[in-house]
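One chain, subunit A, links the two complexes that follow: it is found with subunit B in the first and with subunit C in the second.
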Partner chain A sequence: MRKRINLGPILIAPGFIFIFMFLIFPIFFALGMSFFKTNFLQFVGFAGFDNFIRVISHTETMNSIGRGLMMSLFAAAFTMFVGFWVAYWVDSRSGFFAVLLQLIGLVPWVLSMVVGALLWKWIFAGDLGLLNTLFRALGLPTINPLGSKISAMNSLIFVVSWRTVGYSMVMLLAGMKTVPKELEEAAMVDGASLLQRIVHIVLPLIKTPLLVSGITVLMSNVNNVTVPMVLTGGGPVNSTNVVALALYRMGFVNNQYGMASALATIVIIINVVLIAGYIRVVKWKF
Partner chain B sequence: MKRILIVVLLVCLVVGSINAAGTTETAAGGKKVVRMWTFLNPEGATSGRNLALKKIIENFESQHPDIDIVVEPQQWDVMTNKFFAAHQAGNAPDVMWVISYDLGSAIEQGMLADLESLFLNNWSTQEIQDIDDSFFRWGETNGKHYQITHSRNYFALIYRKDLIEKFNIQFPFKSWDAMVQAAQKMTGIDQTTGIMRYGLGQSFGLGKVDPPIFTYDALTHQEDIFNADGTANWTTPQMVSAVSRMSDMVKKFKVTPEEAVNFDIEDVYQDFMAGKYAMITGASVRVPALRAGANFDPNSIEIIHYPGDGSTPFGTGLFSGWAVSVWSKSKVIDEAGMFLEYMMSPEADKLWVLDGGQVPIRKSTITSMKDFFEKPENEYLKITAEGFADYCYATPTAFPIPSWREDLNAVAQDVIYNNTAPRAALEKMQNEFNARVGK
Partner chain C sequence: MEILNKKRNNKVFLVIIEILILSLFLTLNIVPIIWGVLTSIKNPRDIAAFPPKIFNFVPVFDHYRTVIAGGLFRSMMVSVRNSAVTIVFGALIASVTAFGFDRYRFKGRKLLFFCVILGIPLSVGSSALLIPNYLYMVKMGLNNRIFTLPILYITYNLPMAIWILKGNIEAIPISIDESARIEGCSDMYIFSHLILPLAKPAIAAASLFLFIGSWNEFVTSSVMVDSPHLRPIQLSIYNYLGFFGREWGPLTASATIAIIPILIIFTFLSKLLISGLTQGSVKG
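Moving on, here comes the complex of A and B:
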């Protein structure tokens, strides 16, 4: 009898090695580094919880965590809201325009984040920006979307949402396709308004894709360093300095790798909470 | 079938592992490979420093058929930090362009090979004298040299000569106040383009950062912005006064737009080429690229030193450049040294000047190309060389000074946007800097 060869481990080995080297090992390396004094990437002495204490006692870093979470939540909410309505509209149509809208909606998601953010930066640029050129042509007063703390944060939320709205639309559309049309039609016959049909029929039936895409978008926003770095650089006066950007600067600009690792550990914990929520949702345990 | 599949997979794994392990020092055909990180990209280059580097590599490779120079282009603002990380990981490039502000840290970390052991010990005294200047001595430690400075840079005022003439402005400026008054005259709607033109372009964003203008204003009136122990020296009356003047430029005289708090330096260069500014604070190495992209008469773009304080004709600019070095742990250290040496050979030095628009490394190049430097369009090279000789401040290399430019830009943001008093803003960032460097 021929000996049976177990192919499974061999087939998954390349993928596992890749994931271990580029995902698992760096997490534990950063965790370890967060307990050490560092000179660039060299460990020069045990620091205990000093790096964590320095991170927590640094007001701007703590502000960046709050700011990052707030930006992520608002952007995710905006994304889900717009994504839902676009998906709902597309679901009720079958023509060329509906297909085109789905394709266009996905472009920002697949477009390079740097390119997308740069485009918006040029659109929002003061005197020479596309937006103000258009406003001038229409005889409207010019604006400066990146010029004040509030408008810069609003612009950041808008661009981050713009990037993810196509993704949420596709996810929610897939969920809506599984909702039997008869249910909505029956509700319409019973006199239910649009809002009532959405709240009592559509939303409960697409709860899982809604939550899954919501959490995915939220995680993507929390860890997004590219858009704030390119669009606003964290300014003006730290008003858009979100945690991912603060972390990047701490490590790769200030060379404070121990502190950056401690902050990264805090960000990992935030991500773990979100991932736990995600896993519960996909396993139908909510 | 399964056996064939397993064999195929194993072969893939072995081949993949060999590639991943990286035989970077040896290419196909037994050639030695020298990897170089730089912000330049010689691939398909048609002009400027990229073209100069392309020609230099081609010439070197034709003279050394056993060596391949592989350029891995990088983003200039994060390249040196990546080098620090790659050094620790044991995978740094063989030839590295280190940003001037981090040269001290790189030497301190033992990341750079000394040039004496690579080639300088074989040079004659006459040859060494040909390159011996402040750039050559920069970062010299215990009698050893660790870098050759390329893309030698001088931060000064880049201006449009056509506007200076049009507005009949007395030039060069006798003082900082005269410079601001001139900027005021040149601020207004541009009749040709219809866009709002500002007298002086600056950037205070934290993206791609150059030192803010008040650094030069202060350095014109005080010797250094760092103390000998590596701490920041930013709360002096000279610094406070310079920050106040910078704030006035934006808020009182409006010669710089308030949006500058969000601009990075690349925005300023782009907008200058579009005609948004009459003058900008910028780097001399950018002049050829600015001329190439300007939508007005490119020959009107010139460079001048910052104004003096009355006792000297001109103020202080910043000396900067890229410290090109060999990684101390390179497996092809001799070949890397040969290429570094070739990059400043008389032949290569001429290419840097002619194609790259750079100030030469060798004194003999200046002599042999006298006619070239006398041409009016190359006036900026003369001003740059003059700046190096007489009006330059070099950042210290004896101790690390991480993020000082970002800190000073944060001061500008705080003062302009939050109306924080200059001294308070400077003190806050001084404390932040000192805490960062452990003082």
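Moving on, here comes the complex of A and C:
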């Protein structure tokens, strides 16, 4: 019988060419580039830590990091909170409404971010927008959600979380389905309140989907360029200029690629922290 | 009796609140789309009307004509082509890789699979990789080509696709392979005639992710391609935002066109999507 050659490495090679070239290698490429001076797309000499120093000493860029993290955290917290309660409700019911809720809940997540942000921009738009139409119909004064600094940020947080609530709901619901109903019923008989049941029974048992979806949502928010770009364009007066958008503009609008690489390295470090968390919590094995 | 009544009233009250909150949730999810679709078939006068016209208007399709004349159809074909290439090659590469990982033992296997797992969150953060990827593609002359976006879309969605397929292939009993091997079947025959047919649901789930990932992607396409004949639909919609400004008719018409394929596929395949999403967080 002829000896069977081990096809394993050959089979995985094509996939890894892609993964290494366009996912893993760029991380190191960004790191390397951040130490070079660039003129448009040309490297024109070693820069040491100059790019980093310029990023750190640029107040608006540093603010955008804080703003991006704050937006991401608030939006992720809001997403997880709403996602949890909807999932908890769906889990306790069956029937048409529960199925419908799960399906409709996932719709914003399958829509493209360009379309989602555009539709909300239209709802928020001036006097013609649906929101102000509703306000006028109710006899309330009209508002301009994207017009002032604080309300623009709130609108951004809202749209960003709107997009991800369905995802977290589906993840948490799948986790809740594995929790035996008897556990909660027994606790109820013993007089545990709703809050006690959730904190001591449900949450610990859905820890994995809770953390996996929480980290994924957080990462997706930190790196979200599209929604701020379409919805607010970073304005008014930089109030929604989150770090992902600032990075995009530094590179592709201002063509400051050296500085942008330094900022990209900082954003990648933030991502690495989150990825490390993801790897720890997701269940993968051989 | 009174206490009982009060309790019952309380309960009714809670149920009403509950229904209200959930209805609000449903409304928030669905109203933007309905409002967008309605806007897209109104003439400008009806769009500006107060009180808003919900059904009491004559639908017009002028905005669709405007955006199609503006090249939206061409962009849609670009997206169809990108998605098709991404799905076919992505699903093929992912299933071969997953098969290699599951059925063979080799050096560095664990480390490489770790890279796949790492790739899932990493591709979520692909916008941070955009700057290096762009410079790198430009240096190698790979930007603004017909294959530029499919290559990147395959890469960004490959880790998830491999992960879904690996989970499915490991559930196919190895005894099937062994008995086929005794019958004299080659490894590639086992893969193509035994494993692939059995992994069909997972291939479908992976393809769904590849499709959504490539159809909806915007940021990468906005920097990687420039020529009008390579511009996918999301990029065209974004450009319309600058071009049409506050003309919401054409804007919502283009948005409607872009979400139709996604909604059709989602309606039929949402179960697959959910099963793919929850893998790795629920079962081991």
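Everything that follows uses one rule, which is that the second predicted complex is superposed on the first by the 282 of 286 C-alpha atoms of A that agree within 3 Å, B and C clash if a C-alpha of one lies under 4 Å from a C-alpha of the other, contacts with A are read in each partner's own complex, and residues count from 1 in each chain.
By definition in this document, a residue touches a chain if its C-beta (ideal position, glycine included) is under 8 Å from a C-beta of that chain, and two chains touch if they have at least 3 such contacts.
This one's a predicted model, so the numbers in the text were calculated from it and none came from an experiment.
**Student:** Aligned on subunit A, subunit B and subunit C: do they clash or fit?
**Tutor:** Overlaying the two complexes on subunit A (C-alpha atoms) leaves subunit C and subunit B clashing.
**Student:** Can A:Gln256 be said to touch subunit B (first), subunit C (second), both, or neither?
**Tutor:** In the superposed model, A:Gln256 contacts subunit B only, not subunit C.
**Student:** Based on the superposed arrangement, let me know which partner A:Pro236 touches: subunit B (first), subunit C (second), both, or neither?
**Tutor:** first
**Student:** I'd like to know which partner A:Leu128 touches here: subunit B for first, subunit C for second, both or neither.
**Tutor:** In the superposed model, A:Leu128 contacts both subunit B and subunit C.
**Student:** Would you check which partner chain A:Leu41 touches, where first means subunit B only, second means subunit C only, and both and neither mean what they say?
**Tutor:** both
**Student:** Count the residues of subunit A touched by subunit B and by subunit C, then name the partner with the higher count.
**Tutor:** Looking at subunit A, the partner in contact with more of its residues is C.
**Student:** Would you check which partner chain A:Trp89 touches, where first means subunit B only, second means subunit C only, and both and neither mean what they say?
**Tutor:** second
**Student:** After superposition on the shared chain, which partner residues are touched by A:Pro14: those of subunit B (first), subunit C (second), both, or neither?
**Tutor:** So A:Pro14 meets both subunit B and subunit C here.
**Student:** Between subunit B and subunit C, whom does A:Met113 touch in the aligned arrangement: first, second, both, or neither?
**Tutor:** After superposition on chain A, A:Met113 lies in contact with subunit C alone.
**Student:** Could you look at A:Ala137 and tell me whether it touches subunit B, subunit C, both or neither (first, second, both, neither)?
**Tutor:** After superposing on A, A:Ala137 lies in contact with subunit C but is clear of subunit B.
**Student:** Given the superposition on chain A, at which of 182-190, 200-208 or 272-280 does subunit C overlap subunit B?
**Tutor:** The superposed arrangement places subunit C into subunit B at 182-190.
**Student:** If I apply the document's touch criterion, which positions on subunit A are contacted by subunit B in one structure and by subunit C in the other?
**Tutor:** 7, 10-11, 14, 41, 125-126, 128, 229-230, 252
**Student:** Residues of subunit A touching subunit B in their complex?
**Tutor:** Result: residues 5, 7, 10-11, 13-14, 39-42, 125-128, 144, 146-147, 149, 152, 229-230, 232-238, 249, 252-256 of subunit A touch subunit B.
**Student:** Which residues of subunit C touch subunit A in their complex?
**Tutor:** Counting only subunit C, the residues touching subunit A are 18, 22, 25-26, 28-33, 35-36, 39, 47-48, 50-52, 93-94, 96-97, 99-101, 103-106, 109-110, 112-136, 138-139, 151-152, 154-156, 158-159, 162-163, 187, 212, 215-219, 222-223, 234, 237-238, 241, 246, 248, 251-252, 255, 258-259, 262-263, 266, 270, 273-274, 277-278, 280-284.
**Student:** Would you tell me which residues of subunit B are touching subunit A in their complex?
**Tutor:** Checking each residue of subunit B against subunit A gives 2-3, 5-6, 9-10, 12-13, 16, 78, 81-82, 84-85, 87-89, 105, 109, 195-196, 205-207, 257-259, 261-262, 264, 267, 271, 274, 276, 400, 402-403, 406, 410, 413-414, 417-418, 436.
**Student:** Looking at the complex, which residues from subunit A come into contact with subunit C?
**Tutor:** Result: residues 4, 6-12, 14-16, 18-27, 29-30, 33, 41, 82, 86, 89, 97, 100-108, 110-116, 118-120, 122-123, 125-126, 128, 130, 133, 136-137, 162, 165-167, 170-171, 174-175, 177-178, 208-209, 212-213, 215-216, 219-220, 222-226, 229-230, 244, 247-248, 251-252, 257, 260-261, 264, 267-268, 271, 274-275, 278-279, 282-286 of subunit A touch subunit C.
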